[in-house]
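Labels run A, B, C and D following the written order; every chain starts at residue 1.
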C-alpha cells in the first residue's frame, strides 16, 4: 500500500488533489482511499489531505502518520509546519517550488523533487495571482516523480472530476509532467 | 504560551485565555503590502479597514504593516487614496 | 423547621427558594407548571429576589440558565417529557461548559401518543449527557435532594449540572406532609455560590471554545472524573444535610430488608413506596425478599450493587421505561455493573407502569413471584394487556 | 497623523482565523470599538466560532461565551439576568450571530429576547449564507444569488426566494433601538453602536459583512463592495428608535444595482431581466423606507 500526504493552504486545491489522485488510481484498477483533515478550513489556512492506494481493499481508517510520499502545494508552509514528519526515509518529498530539489530547506534526507506548479497554473489561467490553483499541475509532477499513477490516468481523472476549466487543467497536468520534475537522488 | 500537553494541563472547563496574537498568520499570504512613505499622507485609512488589526503606527504616525499577521488581502492597497501601497509577491 | 402538606411540585419550588436561586428560567409544561408558578409567586412577593426569565421554549430556558450560570449566578429550571427532549442539546452543553445548573424534572411519558402521565423514558434518555440524576420517591426526598443537588453540583470537585426527578402526579400533584427546613438551616448547609472559574468582565477569555482531536478527549475525561468524584462527594453532602435536618435518604442505593434476603427487586421512583408494603407482606408469608432503590442513576451505584450481589441469589429490576431493541435501561445498567462482580445473581428485567399505568401491590407481587419461581425471559412486561406472552 | 475617525482601542486581537478580507472581522472590530471593554459577547455556531481561534487561544480582549446555534437570544437574557443579580454595573451584553443563525434557526430565541425586553444588544452579521459550512443558502441569501445549495444549472438559477427582511421582523417587536450598519462606513457604524450602548432595553443591529469566498470576489474589494451595497440602496443605512425611522445616508441619485451585482461571481449568471427585477425590487423597498421615515 502507498500512503500520500498532501499539504496545502485553503483555496489551493489540496483536498481535490488527493481526490483526483484516488480517481486516477481507481482508473488503473487500484483500490484508493482519500480524505481531508479538517481543521480551520479557511482560505489561506493550512490544509492536510491524505490518499492511500493499494491493490486490495484498504483496511485502515486513520490519518497517515508515516507516509511514503509527501506533496507540498505551498513551500511557504514548510516554515511553519513540519511537513515531512513521519515521511519514510526511502520516501519522496515533492514540493511546488521554482528551486532545484537540493535548494529546498528540509530536514528530510531522502529523495526530493520539485515542480514549479505555481507558474504552470498561472500560465494556464488557473486561480488568481493571489491564490493560484496548483493542484492539477502538482499531480502532473507527482505522476512523473513517483510513477504511482500514469499520466494518462491523471489526465482522465482531471478531465472527468475537476469542477471547472477541464481543458486548462489537463494542459497544466501535461505541462508539469513534460517539464522534467527535478529528481535528486538521496542527498 | 502555557503548553497544554496532558489532561492535567487543561483547565477544568474549556476556557481559553491565551490571546490569539501568538498565532502568526503571515504564511497565509501570497502578496504583502509595501507602503511608500513618500506618498503616504498618514490618513490611517489602511489602519481603519484592516480586518486583521495588522497595521500599527510608528513614532511619526506613519502606518507600519505587522507582517506577522497580515494575510495579504490587499484591502489597504485598494482603499489607500494616494495609492501609496503596492502588493509585492512573497518569495 | 415547619411541616406543611404540599405537593412534589411545591417541594421543588420551596427548595429553589431556600437555595436562594438567583436566576430562574423556565417554560411551562404539564405536569411541571405548578413549580414555576409557585416560584413566580415567590419572586413577585419579594420572598425570592431572583430574576425569572420567561422564555419562549425549553431550549431557550436551559440556554439562559447555562449562560447565567457561566457568569456565576445560581440557576434553576424545571421541565418534563417533551420539554426535556427539546433541551437535549443544551443538557450536553451544560455539562461540557461545567455549569452547575440544577433542574427539576417531572417524569412524564413521551409522545406520540401524547401522555401526561408518568414513566422514566424522558430522563433515562438523558443518561449520557453528563448530568447527575436523582430519582425521587417522596416529596420530602425531592425537597431535600434538590437542596443537596445545589451543593453537589457547585462543589469544586464536581462542577456538573444535576437533575432531581419526581414521578408525574404520584409526586408532582400529590400533597403529603413535608418538613421544610428553615432558611438559616439551609444557609448553613448551602453557602452562596463561589465564583472562581466563571467569566470575568474586562478579561479576554472564552468559555466553550473549539478543539481538534488533540484536546477534546481530555476535556471529556475531566467530566468523567468529576462524575466519579460526585459519588463520594454526595455521601459527604448527605451526611452534612442529615446532621442539620436529621434526615438521611440512604445515599445512592438505599436498601430495604436486604440483609437476610435471597431475592431483591431494584426499583426507581414512587414504585418503591408501594414495593415496601409488598416486601413486608411477602416477608409475613415467609419469603426472604428485599428492595434496593436506584436513587441516583448518574453516577450509577456500581459499588453498592456489587455489594448487594454478594447477599442475594436473585435480582429483579423494575424498569419504568424501555429501550427498544434492547431491554429496560435500569436492567441493562445493573447487568453491566454486575457483569464483573465476584457473585452474579440471576438477573431479570420487569417493565411496568409505562404511561402512568399504576404499579400496584399486585404488579410488584407478580414480579416478585415470577422472579422467585421461574428463571423466565430476561425482560418481561408486567400486566401487559396482550393475548400472547410479553417479553 | 490625521485624527482617527474611530476609537483607537482594539479589543479584537490579531492572529484570528478569518479568511483574508473577511467583512465579519471588521464588524466585530467596530462593534467592540463602540462598546468598550465592559462587554460580554455570546456567540452561537457561525464563522466567528472558528474565527475566534481554537483552544487555547481567544481573539477577543473581552469575555466570549459560546452558545447553542438556536439560542443566542436566550443566552443574552441569561447573561443579563445574572449580571443584574451579581451587581455587575454598566456591562453591555451582546449576542453576535450570523445571518442563518438569526433569520433561520435562531429567530425564535431572538423573538423571545425582544418580546421580554431583555436589556441587551443582538447583532446579526450578514454575509448572506451559511459561510462557516461552505456557502449554503440561508433565509438571508439575496434573491438570485448562487450558493452551493442554490446552484446555477438547467433547472436552477440561484436562490428563488427574496432575502428575509430581518429589520422588519425586529421592528414588529418594537425594540428600543434597531439599526443597519455597514463595514464600509465605520464612522456611522461606531456612532450607532455608541448610541445604542447608552440605550436600555432590547437593541438590534443588522451589519453587512461582505465575504470574499462566499460572494466570489477578490479579497481587496470588501470595502468597495460594501460601499456599493449601500449606494445602490440594496443595503440602506437607517435607524429605528422607538418606532421612528431615520435614514443615515441618502445619495442624490442611487447607483444602479448592476454596479453592485457585477462585482461578485455569485451574481455572474444573472440576465438583464433578473437584474431589472432586482432593480425594481430595490427601488420599491427604498420608496417604502422613505415613506416609513416620513411617518415620523
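As a working rule, a contact is a pair of C-beta atoms (placed from the backbone, for glycine too) under 8 Å apart; a residue touches a chain by one contact, two chains touch by 3 or more.
Everything numeric here is computed off the predicted structure, so don't read it as measured data.
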Central chain (by mean CA position): D
For chain B paired with chain C, centre-to-centre distance based on mean C-alpha positions, whole Å: 53
Separation of chain A from chain B, taking each centre as the mean of its C-alpha atoms, in whole Å: 30
Rounded Å distance between chain A and chain D, as computed from the means of their C-alpha atoms: 39
CA centroid of chain C to CA centroid of chain D, Å: 43
Sites on chain A at which at least two other chains make contact: 39, 43-45, 130
Chain D: positions in contact with at least two other chains: 13, 17-20, 50, 52, 54-56, 58, 61, 212, 218-219
Of all residues in chain B, the ones touching two or more other chains: 4, 14, 16-17, 19, 24-25, 28-29, 71-72, 74
Contacting chain pairs - touch in the sense defined above: A-B, A-D, B-C, B-D, C-D
Of all residues in chain C, those that touch chain D in their complex: 22-23, 25, 50-51, 53-57, 59-61, 63-73, 75, 89-90, 93, 97, 195, 199-212, 215
Touch list for chain C against partner chain B, complex: 96-98, 159, 197, 203-209, 211, 215, 218-219, 221-222, 226
Residue ranges of chain B touching chain A (in the complex, touch as defined): 24-25, 27-31, 71-72, 74, 89-90
Contact set on chain D toward chain A in their complex: 17-20, 50, 54, 134, 212-213, 218-219
Residues on chain A engaged by chain D in the complex (per definition of touch): 10-11, 39-45, 128, 130
